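Let me begin by handing over the structure; questions about it come next.
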Amino acid sequence: MMDLVYGLLLFLLVLNLLLGLVRVFRGPELVDSMMASLLLGTGGTALLLAFFKITKEAYYINLALGFALLAGVVGVAFAIIILGKSKDGI
Amino acid sequence: MAFEILSIAFMFIGAIFLLAGSIGLIRLKDTYSRLHALTKADVLGFGFIVLSCILSTDLLSHWIKLLLVWLLAISYSALVGYALANRKKRYA
Amino acid sequence: MLDLALGLMLFVSALLSLHSKDTMKSGVFFIIFGFLSGLIWVRLEAPDVALVEIILGSAITGLLIFKLVKGSKQKDLKAFTFTRLWAGFISFLILIFMLFHLTTIERQDRIASLVFENLHKSGVDSAVNAVLLNFRGYDTLLEVGVITLAIFGLLSLGLKREAYYWDNPLLKGFSRLLLPFIVFFSLYITYLGTFSVGGAFQGGALLAGGLVIFALAGQALPLKASIIYIFMMAGLGVFSLIGLLYALLGYGFLTYPLELSTISIMIIELSIWISTAFLLYTAYRGKL
Amino acid sequence: MIWFYYILAILLVIISLYHFIVARNYVKRLIALNILGSGVFLFFITTAKNTNTESPDPVPHALVLTGIVVAVSATAIAVSLILHLNKEEE
């Protein structure tokens, strides 16, 4: 019973990633592709937290923390480096 | 037991909100509305998932770390969404 | 099922990142590839590798590749037909070789049992870190040497890099709030290395990510160049000094006595933490 | 499941090797090199899982950890060299 419930849960979370990545891979513009950092920052972290809930291993929370942090760093860096002009700002 | 059932229910609600965000990402027409779908729905769904994990453990250190994950995820979601939209409008 | 879906996503992202015409897109797909392979390594019960892959292999490499893609304006030329044929032939040969090799792989006990038997002698409870810092300390020493040399080689090119930043009050405030938290969290990850998933390289690279966010907001660290040099050399210096100390005391190079092993490993991890952070930060900036 | 990961690792190695030889753009060549490395790491980790013991073998994990760090430092110096090359050509 529990296996079935958790299997369904993991299926939903992976389906979320799959559907999002369809747009990311097709995305007509560059920004659409980089929305992957937002998608992975929430979806991937959610997957790791679901693993934590199923196995009760504490290290999944640390992994989730690192995942959320670095997906954000990469997203901000993309917005500033790729979308900006060099030496812009001050 | 009641907590366990509540926790699994929260997890499912969160997963469905995340899924809604992804469907919005596929179906909406232009970049700004896609950004909107992703940042709104995903943050709500992620909140539910963190809540469900908080209900399923009873260690204080886990609670603190889960709250930090939640804070980080929502603040980065807002920041990245803002930065992408702002920069795209200005330069692209 | 889960493995199948993750593997499919990984393969598609690798394929697109290699095939796409636009180098910016291939950089973005490479980052997605990195994060997805982190998830796959969680599935393969290798959480240490997953942490390293997410932090170093995906995020830090991604930042470097963003800078490269923005700075490089080389056109994408079509390859010669001869090259294509040759490349196809070579790849096909390797495919045949590896498929042939697959049939000979057996399911067997490897040296894992040896590690678990001797784990109590290492002073560390985490098997991966015991191998990394105690049983195969030479490897890690040379690894620290490689990364230090690479960054000093990069500095010696003397290239004047463009700095990219965004002068935005929101980002500035956020990065200032984030920095103390990241310092604390990366120290925590480094400390976790002695008994669970974590380690010095992961913690250091995490701190480097935080410093990069700090720099992207247009702020400079209030540190002198000489202090940054000292931080960068700390890992290699402390590691080899401790190794030499034990060699002079008669234990052998990098062979820790049992009662002192935990404290020595902690000191080494701390020094690797600070030096990795500043080395990777310098690698991102391309200058001091 | 083990065999699926072996096949995936081999496919990654093959396609990235092909593109590493074919690509004339240095950026794509660098990315192909990184993906080649990831394929080899995947092979190692799968072999570590392929044991009779309960938990996977930690020695390949430590080797892969070292490998990733070395790959990142190689990427850092390659990025610097390619940027330098672009400056020379201008």
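Order of writing sets the chain letters: A, B, C and D. Residues in each chain are counted from 1.
Convention: a contact is a pair of C-beta atoms (placed from the backbone, for glycine too) under 8 Å apart; a residue touches a chain by one contact, two chains touch by 3 or more.
Just so we're clear, the structure is a prediction, and the values are computed from it rather than from any experiment.
*Asks:* Along the graph of touching chains, what's the shortest path length in steps from subunit A to subunit D?
*Replies:* Minimum number of steps from subunit A to subunit D: 2.
*Asks:* With chain centres taken as the means of their Cα atoms, state the distance from subunit A to subunit C in Å.
*Replies:* Inter-chain centre distance comes to 20 Å.
*Asks:* From the mean C-alpha coordinate of subunit B to that of subunit C, what's the distance rounded to whole Å?
*Replies:* Here subunit B and subunit C have centroids separated by 28 Å.
*Asks:* Counting in whole Å, what is the centre-to-centre distance of subunit A and subunit B, each centre being its mean C-alpha position?
*Replies:* Measuring from centre to centre gives 10 Å for this pair.
*Asks:* Based only on mean CA positions, could you tell me how far subunit C sits from subunit D in angstrom?
*Replies:* So the centre of subunit C lies 12 Å away from the centre of subunit D.
*Asks:* Hunt down the residues of subunit B that sit against at least two other chains at once, touch-wise.
*Replies:* 68, 75, 79, 83, 87, in rising order.
*Asks:* Can you tell me which residues of subunit A touch two or more of the remaining chains?
*Replies:* Touching at least two other chains: 17, 30, 34, 37, 58, 62, 65, 69, 71, 76, 78-80, 84.
*Asks:* Can you name every pair of chains that touch?
*Replies:* Here the touching pairs of chains are A-B, A-C, B-C, C-D.
*Asks:* Within the complex, which stretch of subunit D touches subunit C?
*Replies:* Against subunit C, the touching part of subunit D is residues 1, 3-6, 8, 10-19, 21-28, 30-32, 34-35, 38, 41-42, 45-53, 55-59, 61-66, 68-77, 79-84, 86-87.
*Asks:* Spell out the part of subunit B that touches subunit C in their complex, as residue ranges.
*Replies:* The contact residues of subunit B facing subunit C are 68, 75, 79, 82-83, 87.
*Asks:* Across the complex, what residues on subunit C touch subunit D?
*Replies:* Touch list, subunit C to subunit D: 3-4, 7, 10-11, 14-15, 17-19, 23, 26-27, 30, 33-34, 37, 40-41, 44-46, 48-49, 52-53, 56-57, 60-61, 64-65, 67-69, 71-79, 83-84, 86-88, 90-91, 94-95, 98-99, 102, 105, 107-113, 115, 127-128, 130-132, 136, 139-140, 143, 146-147, 150-151, 153-154, 157, 159, 161, 199, 201, 280, 283, 286.
*Asks:* Could you please specify the touching residues of subunit A with respect to subunit C in the complex?
*Replies:* 7, 10-11, 14, 17-18, 21, 24-25, 30, 33-34, 36-37, 40, 44, 47-48, 51, 58-60, 62-63, 65-67, 69-71, 73-74, 76-82, 84, 86-90
*Asks:* Within the complex, which stretch of subunit A touches subunit B?
*Replies:* Touch list, subunit A to subunit B: 5, 9, 12-13, 15-17, 19-20, 22-23, 29-32, 34-35, 37-39, 41-43, 45-46, 49-50, 52-53, 56, 58, 61-62, 64-65, 68-69, 71-72, 75-76, 78-80, 83-85.
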